[in-house]
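Shared between the two complexes below is chain A, which has chain B as its partner in the first and chain C in the second.
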Partner chain A sequence: MGINKLEDLKWHEHDIAIPKLSTNQAEFLFRFYRDLERVRIDTLSCFGNVISCIQRFSNERVAVKILPIPQDQIINGIPSSILNHASILKDLDHPNIVRLLQVVATEEDVYLVFENVNLNLERYITNPMLSIDTLERSVLRQALSGLAYLHSHNIVHADIDPFSILFKYTLEEPPVVKLCGIRAPKTSTSQGHPSYKAPELLMGSTNYSTAIDIWSMGCMFAHIIKRRPLFNAIEEHRVLAEIFCLLGTPTEETWPGVSSICKFIQAFNPPIQPKDLAEEFPTLEPVGLDLLSKMLCLCPNSRISAYEALDHPYLRH
Partner chain B sequence: MDSETEFPVPNRMESELIKEYFETESRFIAVRSYYQIYQNVLIRKDAVSIIARVSRRIDSDTYIPYLAMNYFDRLCSRNTNIMKDKDVEGRSAEERFRLIAMGCLTISAKMRTKNFSVDQLLSAMKSRKGNITHQMVKKVENLILDELNWKMLPVTAFCFLNHYYPYFKEFGGFRRRCINEI
Partner chain C sequence: MSIQTEITPHMRGVLVNWLIEVHFKYDLMPETLYLTVTLLDQYLSQVTVKRSDMQLVGLTALLLASKYEDFWHPRVKDLISISAETYTRDQMLGMEKLILRKLKFRLNAPTPYVFMVRFIKAAQSNMKLEHMAFFLI
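Then we have the complex of A and B:
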């Protein structure tokens, strides 16, 4: 149970479960919302506080994200970055994308009010009470469907990890997957978790495309099957080493232009050979292995697109 | 160069997007009766003139005034009492409607230019009579955003250029470069 009154806030100053709010933010929130709880932010990409709370007038639980306006820009009103961010989110209308219900601007902050979701994928997988066994395909299909919608709007998510895939469920119906953490289109630089970053990003390429999201989604697919992350390292160069150990090193034949992105790639002579994915994923049927290998294709131009993946036999039936 | 290769058949992603544009386009157009009222036509004419004049001080991007007029039309056609709103300050109707036009323009400039500064624009305009302050712009900007429900990326005629290319071709057609320039 979260806190309900402004006066209670000072007793929780050192409690990490309670958001750190400015006076204006606290006054605004307690006027319109109750039962405030900070949403656990595990992803590196999230900016601003995300608070789960109940809207006083509707008694509906929502997630509020606070975007503070930088002090030096207050004179100019709402900054261009926040304006663009909110307009893009407001434009998106898809069952597998977390819905932005309302935007409220005050003198110092902009509040984005999202529909509430129950769990992120990481917690879903690790919770023994919730079975994901029968849902593997459905989760992947729904997440890819949301991603295809984003890509058709020319938006690269760039931060897909277990914390940006959320679940909304009721007792009667199977869970609905919702993608969150969407930022600006194409201009955004990826700050996502290294374990889910595409090889072209890990090699330092700045000229990336929607294919980076497919790679991350491939890592998610593997994560769901294995029940643990496919790549475990934290440092980027170690993740790259893990990728090469599993999928082999790329060559100019398998990835035209790779040596111009990554100078040291030619040092792997002879190149490392890829492992057999069937041995790595013994429980996954061959058609699933085929989709996984197409999503985890090292060369971004040959990687499957979100729409093609949705048409893949593994997801069609 | 063969112009067919410049405009390939749309893939599934592009087709889905065009379908969505057709479905949502009407939400980004002024309501039908708006242009039939003579007073609205006059106000609109003045707004075009203000936005065209002030936008020359901002950026050469011609989409900025176009976008501003889209906001202005949607706003005035959907809320006929907008001039009387407490957040629209001004001593006369003319001043109030000028402020709304300015608000539409500052929002469209922010949508298109990362480092646009309301402060610099207002300083450049200081010599003009009936000064507009930061506070007035901020209030009217928030009012416009709320009224338009923060839908500031409208579906406009430009979204359909690629889709309608085959039809243009019957009348002589355009080159890819022309479409990109538009």
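Then we have the complex of A and C:
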């Protein structure tokens, strides 16, 4: 449902479906865009309040994210966090990363104009009309190549979850995967969905290495194969318990240094034995299982890198 | 500099010298200074600037560079007072947005400094060579 006039928008302010816009914000948006429509506010981490609009001149659909400048910082102009965020995103140019098309700054807000992307992974998997049987490899390959690009720019995503993996989908062409929700490196604290969080983060490590993104990608891979999340818990300690049940508990031999991150790990004596992944994923061929086990390797230093994963036999053909 | 009608390369030199002093006064990181000059040059290569606005462009470039690169940035109020209240806050915030628009929000430009740091490390140089190298760039 689109709206075309400012009056309509005011009327809709009572409607929870549309994020509240101030008069200035609404006027600004109407000058350049028409047909405002809320995309989603229900995503947990990345996109937050995103308004989908049609550009007046090109007729192209875009997604606008509004970053308000905090009241106490207005006197000093645009805050450095927003500046960092915008200029890093602006420099990224890869087919599997959501493009930041334009940044516009006004007195009170900064508007980030992204290319519009239709679906997130969660909705893609649960939609019975869209078959992804043949697309598992393609989806994983695209997501990993976007990630490899980020890692080559020394950026750790840190927030990969079912809502930050988006699909650009048209009936004619195969879907294109787009990663979104990339934040500035200085502000990285993971708030992502706990079910995609790497074990070292769940155990309280604050070392954000590129390996945490690979773990999340492994969870995504498993999610696509199983059509439901690999780990279901919402509380972090329960996710960790689920991980240990599936993959066993780490020891100093399998993960050097683990006991310094996590004191209680030695209490698991003897350690829990890992389950057979082939039983958990009966539909996945052995070469796929091999890649999955390398992505879901408990020790971050032995986990496969994005580049190595792209070169794995499962994805090479 | 070919598009500039009112300002000359010499004036850019004077401005940069003054910006180095301001940069020193606020004790900012060396990366910030090089980024300031890069941003200034990029802007001057695209926009014809009036003589009276030159200092404003320089100060705003310093503000943007320190916001982007440094742990800390000088307040707009302080930058205005350092220019002897020539400009107002609104002018500086307006200039900030104008520069960002012209540079399309891309502030992570490579500067000579980062390359020199790498070369010096590779050359395993001593302090004397290091100071010499930074003086030259």
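Structure notes:
Here, the second predicted complex is superposed on the first by the 309 of 317 C-alpha atoms of A that agree within 3 Å, B and C clash if a C-alpha of one lies under 4 Å from a C-alpha of the other, contacts with A are read in each partner's own complex, and residues count from 1 in each chain.
As a working rule, contacts are C-beta pairs under 8 Å (C-beta built on N, C-alpha and C of every residue); 3 or more make two chains touch, one makes a residue touch a chain.
Note that the structure is a prediction, hence the values are computed from the model and not measured.
Clashing of chain B with chain C is the outcome of superposition onto chain A. In the superposed model, A:N76 lies in contact with both chain B and chain C.
Of the two partner chains placed by the overlay, chain B and chain C both lie in contact with A:N84. Taking chain A as the reference, the larger set of touched residues comes from B, when chain B and chain C are compared.
Using the contact criterion defined above for the overlaid structures, shared-chain residue A:V103 touches chain B and also reaches chain C. Once the two complexes are laid over each other on the shared chain, residue contacts for A:S152 go to chain B alone; chain C is not touched. Contacts of A:I243 after superposition on the shared chain: neither chain B nor chain C is touched. Applying the stated contact rule after C-alpha superposition, one finds that A:V113 touches neither chain B nor chain C. In the superposition on chain A, no contact is made by A:C180 with either chain B or chain C. In the superposition on chain A, the residues of chain A contacted by chain B and by chain C overlap at 75-80, 83-84, 86-88, 90-91, 103, 105, 107. Considering their complex, residues 63-64, 67-68, 73, 75-77, 89, 92-93, 96-97, 100-101, 104-108 of chain C touch chain A.
Looking at the complex, you find that chain A touches chain B at residues 75-81, 83-84, 86-88, 90-91, 103, 105, 107, 148-149, 151-153, 305, 307. Every residue of chain B that touches chain A in the complex is listed here, in rising order: 11-14, 16-17, 20, 106-107, 110-111, 113-119, 134, 137-138, 141-142, 145, 149-153. On the chain A side of its complex with chain C, the touching residues are 75-80, 83-84, 86-88, 90-91, 103-107.
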